[in-house]
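Got a structure here, written out as structure tokens. Questions coming.
Each chain gets a letter, A, B and C, in the order it is written, and its residues are counted from 1.
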Amino acid sequence: MANLIDNEVLQAFITYATIVTLKMLLMAPWTAYFRITRKAFANPEDAAHGKTPEDKKKMLKTDPDVERVRRCHQNDLESVVPFVLIGLLYALTGPDLSTALLHFRVFVVCRFIHTVAYVFALPQPSRGLPFIVGLITTLSMGYRILNSVMLL
Amino acid sequence: MANLIDNEVLQAFITYATIVTLKMLLMAPWTAYFRITRKAFANPEDAAHGKTPEDKKKMLKTDPDVERVRRCHQNDLESVVPFVLIGLLYALTGPDLSTALLHFRVFVVCRFIHTVAYVFALPQPSRGLPFIVGLITTLSMGYRILNSVMLL
Amino acid sequence: MANLIDNEVLQAFITYATIVTLKMLLMAPWTAYFRITRKAFANPEDAAHGKTPEDKKKMLKTDPDVERVRRCHQNDLESVVPFVLIGLLYALTGPDLSTALLHFRVFVVCRFIHTVAYVFALPQPSRGLPFIVGLITTLSMGYRILNSVMLL
């Protein structure tokens, strides 16, 4: 265990993977914040504080801001989770520290830009570009893994 | 390898992570069960057993019970996956066994309560509270990771 | 680290997990391809290239082909992510290489069949069967983990 954690690539991976996973995780309370301020809930039991039955029904709606944060969260699930899974396997294949750091840094920076561009609806390609660069980063690590370890 | 698996924190993590991931995984057949009993499908090819074309069309609908299980499943993807990813990195940083066990136990218990509260539509905060406590557990592990390993 | 990567089960896991995670990851650009060719976007800023305001509004729609790829992607998130998480923990418990390879191969082949069956809307059970077999593969690894490591 001590040996494992002495590895600098793994240390760098642990750092960046934790940061970007925490960012993803925080999309959930952010969605909850929008649901509460926009009074737009998905479950009847969440709208139980409405005064009249009509009030309660009205709160069971979709709201554009809530849906936007949810799409951003979904994109994180589709991008960040593969990065962490592939990144861990990549770190185990023993890449150069500088190459590994480049991958980790580019991906994490891209995902922060992507989140800001998505939630604040900035004009394209401010959201599409970091998405694609992040994708290429993960594909590049995947290519490197299959190139150095391949047991079918 | 043998050394790795001798580590008690990692053993505890493997146990709890497997249990809660299997729980998450079983939301998929649970959704399928609701789709079949409620006759509410998303794909035309799933409704091919309908007798008349009208019957088949009628089965392409959304059903409140199906949607509820799906939301619960989605919340698992948003909460359980980060827990397992962060929890693994946390286990690698060599925490105390008792502190680690506390985190793993609280999270897993919270997620089982969350699932029951969600699927059976129990009044709040029976769903919101375990969600938040589970979130705090994962954040706490993330904080601990960044505190002990930080290579940017 | 060198010891870890010398382990053949882990090498096999890394290979198959990388392949199936990359497959899942590529569902995102596939969805983007359908969104662009079907002119069906979820965000107003993605339809900014429309000539008239009416044109832009028209592009904010759901399209059956886009929704189909998205459902397939979602099923990957629900199936592939648990496979990779459980598979990694399973690889750490030191199973036989042949048993491990059987699990990894069956799962990965099932998911490729599932994707083709889903996106091209092949008649059932060409999609349901590989889904269930893949699920059983993951459950089987989960059972094996809890049978060999159990620290509650």
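In the analysis below, contacts are C-beta pairs under 8 Å (C-beta built on N, C-alpha and C of every residue); 3 or more make two chains touch, one makes a residue touch a chain.
Just so it is clear, the structure is predicted and the values come from calculations on it, not from any experiment.
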Inter-copy rotation, chain A to chain B, in degrees (Cα atoms; steps of 5): 120
Numbering shared by both copies at the chain C-chain B contact, with half separating same from different: different
Distance between the centres, which are taken as Cα means, of chain C and chain B, whole angstrom: 17
For chain A, residues contacting two or more additional chains: 4, 10, 77, 81, 85, 88
Chain C to chain A touching residues, read off their complex: 1-2, 4-5, 8, 10-12, 14-19, 21-22, 24-25, 27-29, 42-46, 48, 73, 77, 81, 84-85, 88
Chain C residues within the chain B interface of the complex: 3-4, 7, 10, 68, 71, 75, 77-79, 81-82, 85-86, 88-89, 92-94, 121-124, 127, 131, 135, 138-139, 142, 145-146, 149-152
